[in-house]
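One structure, pasted below without further comment.
Order of writing sets the labels: A, B, C and D. Residues in every chain begin at 1.
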Amino acid sequence: MDHSKQIQDIASKLFAENKIDYFVGYRQNAIDDSQVPYLISDPAEIPRLVFTDRSVFNLANYLKPEHTRRKRVGLVVKGCDSRALNLMLTESQVKRENVYIIGICCEGVLNEKGEKAQNCIECVMPDAVVYDEMIGTPTGKREYIVNADIKELATIALEKRADYFEDIFSNCIRCNACRHSCPLCYCAKCCIDQETSTLYHGANTSSGAMHALMTWSLHLAGRCVDCRNCEKACPSHLPLHLLHKQNESVIYENFQQHLAGMEKDDRGAFYKYSLSDPDDFIL
Amino acid sequence: MSVFIVETDKAGLQKFYEEIIGKFETYAPVEKFDKYDYKKVSNLSECNPDSPIETTMSLKPLFFPKTAKIMKFQEDSSGTTLSETDEDPLAGSRVILGVKHCDARGLQVLDQVYNWDYIDTDYQKRRINTVIVSTRCDKAGNQCFCTSLDYDVENSDAHDVRIVNGLDGKIYIQGVTEKGEKLIKSSSIQQPASDGAKDELSKHYKAFDASFRLKMNYTEVNAKLQKLFDSPEFETVSSNCISCNTCAFICPTCHCFKISDEKIKDTGVRYKSYDSCNNGYFTLMAGGHNPRPVKYRRWRQRSLHKFVYYKERFGMNLCVGCGHCAISCPVNISIFDVVNQVSKIMQ
Amino acid sequence: METEVKEAQGKIISAENPDIVAPADWQPVIMGILCNWCSYAGSDLTGTSRIQYPPNIRIIRVPCSSRVDPWFIIKSLQTTADGVLISGCHPGDCHYISGNYFARRRFLVTKKLLNFVGYHENRVQFSWVSAAEGPKFAKVVAKVTEDIKKLGPLHRYKKENF
Amino acid sequence: MARVGVFVCYCGANIADFIDVPAVVEEAKKIKEVKISVLYKYMCSDPGQGMIRDAIVQNRLTSVVVAACSPRMHEKTFRKALSDAGMNPYMLEVANIREHSSWVHQKDKKAATEKANDLIRMAIAKSIANEQLHEISVPVTKRALVIGGGIAGIQAALDIADARIPVTLVEKSPSIGGRMAQLDETFPTLDCSQCILTPKMVDVASHPYIELIPYSEVIELDGYVGNYKAKIKKKASYVDFSSCTGCGACTQKCPVKVPNEFNMNIDKRKAIYTPFPQAVPNKPVIDATHCTMLLKGKCGICAKVCEKGSINFKMVDEVIEREVGAVVIATGYDLWDPKPYEEYGVGRYKDIITSLEFERMVSASGPTNGVPIRPSDGKVPKNVVFIKCIGSRDEAKGIEYCSKICCMYTAKHAILLHHKVHDSHAYIFYMDIRAAGKGYEEFVKRAQVETAATYLRGRVSKIYKKGDKLMVRGEDAQIGQVVEVEADLVVLATAVIAPKDNPSLARLLGVSYDKYGYMSEAHPKLRPVETAKAGIFLAGCTQAPKDIPDTVAQASACAAKVCGLFAGDTLKKDPMVSTINNEFCSGCQNCVKVCPYQAIVTEEIPLGHGSKELRTVAKINEGVCQGCGSCVAICRSMAINLAGFTDPQIINEIVAI
């Protein structure tokens, strides 16, 4: 999967036609074969743009108002990225006319060890779901696979699992990189940062981390697209996907096989309901 | 600068470590979630202090924890009563093994601010009661640039004991401070180093110094940056940043914190926890004004604080060149690149 | 059940974790969050009908079960409560038309997530109690109290020691 | 600094017997913010309230906690006491130590006392976070909009207008009157439908407070209670009603004949027509789907014969706006199409008709001048079989519910048949006879005895043709045998269903509707005429099948509700509504999605202080918000809070014990 040339061409065209102010793509990292998000406003930088199976980061993050408010942006999205972008469009965070979307029919990206990433193995939608231009051949929606780690953890005894998660929460340093790297965490001010709210957990205690991460994952429940930006950003290497995948699997199983961001105008599982939702857990 | 050096071999070093673990509360890099951090160990097999390992968090949390209770309060009909926390900053003395020099240097930088107008007694207590055993890096990492900065890595006294894997196959244990010397003398490894040891050490340093990919002219960068407050280049270099705060939290020298109270029923605790200047709300004032609302201003503050302001005030550069930030950055921004790129404009 | 344990051991042993032992007179605290129109009214009816139930529940009144943000539950479990009971109107009876349908979705996901990170599933329970179901409210509280007594004091993720 | 007063009630023995009240009072004193903690025998009594009032003044309290019975009982009482002492009434919190403690833990005084302590602590903690709230007043536009001009709409409009409140009555068809105008006589009194309806129709037309807009539809409704803005589409009638005298020359001369829907298509009307002779307004309209002038540009005879020149073929639809304070929905009902009853030969046999067709036939002004005939040969039928529950109570083919009126009108039909054709005989197949109502059972008896109608309990399994007769085979469950009746005519009592436009109308009005398409009332027992959306009311069959007396009663109830709503210059509302903190709102608009009342809209505000750039944030319309808190819980950035149940209040409660 190497679409560097096509992306360079499209970016040149967009700059030449004055359709965009910024282009967000990837460039090669100077020291290893990983890639870095690359936000450019100068067409001279275009030759550095690349796209291969090391183009991991979800660039929809750069559409958060903080970065590119009211600018016209061209960007590259893979299947998962496009689902996040879809939600950002639905939730009025991005104006459709302000973005030029290059959709990729993704063949999966590699993790740090050079293996195909877990979320790509379990990917349900490799093709971009929203785009102006599509690169590659669409392979269509795939069957939903319950995350392997979730399945494994579900078999572990409750106390063991609790120990495991206690470890995760106590290793969190509350830097909030997970939140900042998530394209869907665009709130003007995160609920956990609001000093005026009593939810505020300023202290970086483990219980505070637990509360913050749980709240965070519930705010992303039915919205998380499994791009794993959070996990890549986490300096403590915490397996943050566990919380999201757990919610996703519960939602998929119980709420009409709901998957986030697949359709335009779908706001996520918590913003709608069905009369036939499960009721048996309620006394 | 102590010149007390003993020499030994692999087995001797193992023994040296084991004795320390047996006698003291010991910390060393331990693997957890595919990365290393300094954690308490009770057995040498739990850790690997032999070769310097890039830990995610530096030594900082052991002296300036990610969160600390600073007081307790109790409310009743008579009002609010304040009291000390029941948390002891450090009970006895402890030893940290396998430290990278840059991490130790970070503590020296932190010492300046903690001994300044307010003396942080908890921090001091932890500092005094800790012996730092560093392991000299054999080779520079991809993001390292410690040798390019304002301090002498070879003759540093940031650590108490330095262990060098000599090019001649011998292992040298060097007591750098009195604390360090005492530690070595209390162990069973007592063979004084041969006369060639000093040469050997400097040979090792030269090889180490030669392995650096990143080099900068610190004096020049420092001088230029002083005049670059209004440089538009800060906007360019920060464009990729996602403001995630990781760099500040894991930095060995970043020391910004916030204060928060948490109360259950009638009792509460006041906490002090890490914060980061990259956080958009870091400078938000009560009236709603925010002097650094945009990313590039925060980057400017971060860069200049690290390379200009701190140096002006305390005579030390706030960056130790460890490269942790670049390694942990999800979009691979390095402070090295940022200051270099900004100062390049001046040519 | 609980008295058996008492007599046998002189203390309560957690069914969740045998290491957790509480004194025999230990009483759990259960945070009850009730919607104003059905469950709170139902609990009032339990009172007016003088139906007795265990005294462990502490009741918070909210307008609708949809007002319950999952962090109410997490916060309760982290600070004061050993268990949480949330109760609203039966599906279709919501005073606010659809509130409990939205709430029901959140509750299911929250309950599963809490269980996933190590809370016993009985720690957090939900019920539909209408304004007419005074006896049901008493029964639900009795069941939840019984369940949580068996689990023993909550020790996970508590603010004071985590 | 909060200064809280705690007032613990003995409630006679109700609390004092099971809770150690003095201990509770002392316990409360230990809390930092509590400045006074006292007890009294009956806090709700005058001296008890006086005690609270005095304490507020003397101790300069900022909030008050009353530990007594359920807040559902006396919250209002104590709020008033606060108010009388000059304190904001919403600074009150009630700790429910009676229903939630003393009454339910009567065997364990220690535990009940402990629980009371905790409940009081929680109330104190909550009250500290209480904010001063003020009743919301919403201005009111004193004009009502009535949608639908059947008997329900007519009655509601007249009753409201009689209270001197202007009414806009919107009717879809060219004339008001609705279904009732199609009826011949009405059960159980057999008075003539037209005779009792037409005077009311004329009243509507002539009432100074009623604006009748026929041949039009509501296409948009914005706003909220007291302040709705309706857009009404007046369909092009091609006749200028202001100059038309209703002489009827145009209708006579029009050469185009089309089936007459008013008469259930039994006869024909013209392309320019008034639906029925007593129509109000009595002005013709041109049916654009059939008029050859409009379709092909040929003809135009009506324009030629009109002396007033009222015909205008260039007329187009017009949209007008009305500001109204309340809306009454009275869209009536439709009848179920019995096609799925194939075994009866519906559609194949001409002599199977529906009840309303029969009704039109026996109507003196109907297509057959009041004589029932067989559609196949025009002969007067002798044996007529009536089959009830066609579609009703039939989960397989029709609908589950009982249509309520069929038993009665079928009895009426049997009687009317007897009146019109003296030697006829009526056979009635029924499942149950449901004749609950004043004079109803007697009326059914009358059909059975006076007209000797044969009531056969059982379902009809098949109808087949034998010669020119229809053979109706069914079961007589009372004798347990299959019976066959030779019929000249079969009349099907088809089910009442909701108008097919109801769901779309409900959506545009923002009210909910049930699975059958009927509009949903706010509460099935206690608020049967209100919808969940404040200021919108339901009259007649739009809510559920009902007969004329019930419909009229509900319409009058609507009128009473509207008049009540308009009694003051402003509406007073509980201040427990959501509020938005613009600083935190990121404008994702998910709250808009979950609000059951459409109380949330968006607005544009400056991006920063003094900034020209705009950003979108949510805005709560406090006139509409009912305070459920759905939006609060789904707001991820916690930009929304619900007054009276804010996050700080609830968190304080949680950590208080």
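Following the convention adopted for this analysis, a residue touches a chain if its C-beta (ideal position, glycine included) is under 8 Å from a C-beta of that chain, and two chains touch if they have at least 3 such contacts.
Model, not experiment: these values are computed from the prediction.
Considering every other chain in turn, the ones in contact with both subunit A and subunit D prove to be B, C.
Note on interfaces C-D and B-C: more C-beta pairs are in contact across C-D.
Of all chains, the one whose Cα centroid sits at the greatest distance from that of subunit D is B. Averaged Cα coordinates give subunit A a centre that lies 35 Å from the centre of subunit C. Centre-to-centre separation between subunit B and subunit C, using Cα means, comes to 46 Å. Computed from the mean C-alpha positions, the centre of subunit A lies at a distance of 32 Å from the centre of subunit B. Touching two or more other chains at once are residues 75, 79-80, 98, 102, 106, 159 of subunit C.
Multi-chain contact residues of subunit D (touching two or more other chains) are listed as 594, 634, 647, 651, 655-657. Residues of subunit B found to touch two or more other chains are 262, 264-265.
Contacts between chains leave no pair untouched here, as each chain touches all the others.
Put simply, subunit C touches subunit B in their complex at residues 79-80, 159-160. On the side of subunit D, the complex with subunit A involves touching residues 583-590, 593-594, 607, 613, 616, 634, 636-639, 647-648, 651-652.
Note for the complex: subunit A touches subunit B at residues 29, 31-32, 34, 36-39, 41, 57, 61-62, 66-67, 167-168, 171, 173-177, 180-181, 189, 193, 200-205, 208, 229, 232-233, 235-239. Per the touch definition, subunit D reaches subunit C in the complex via residues 70-73, 96, 98-101, 103-108, 111-112, 114-115, 118-119, 122, 512, 532, 576, 594, 596, 626-630, 632-634, 642, 645, 647, 650-651, 653-657.
Residues 75-77, 79-80, 263-266, 288 of subunit B are the ones touching subunit D in the complex.
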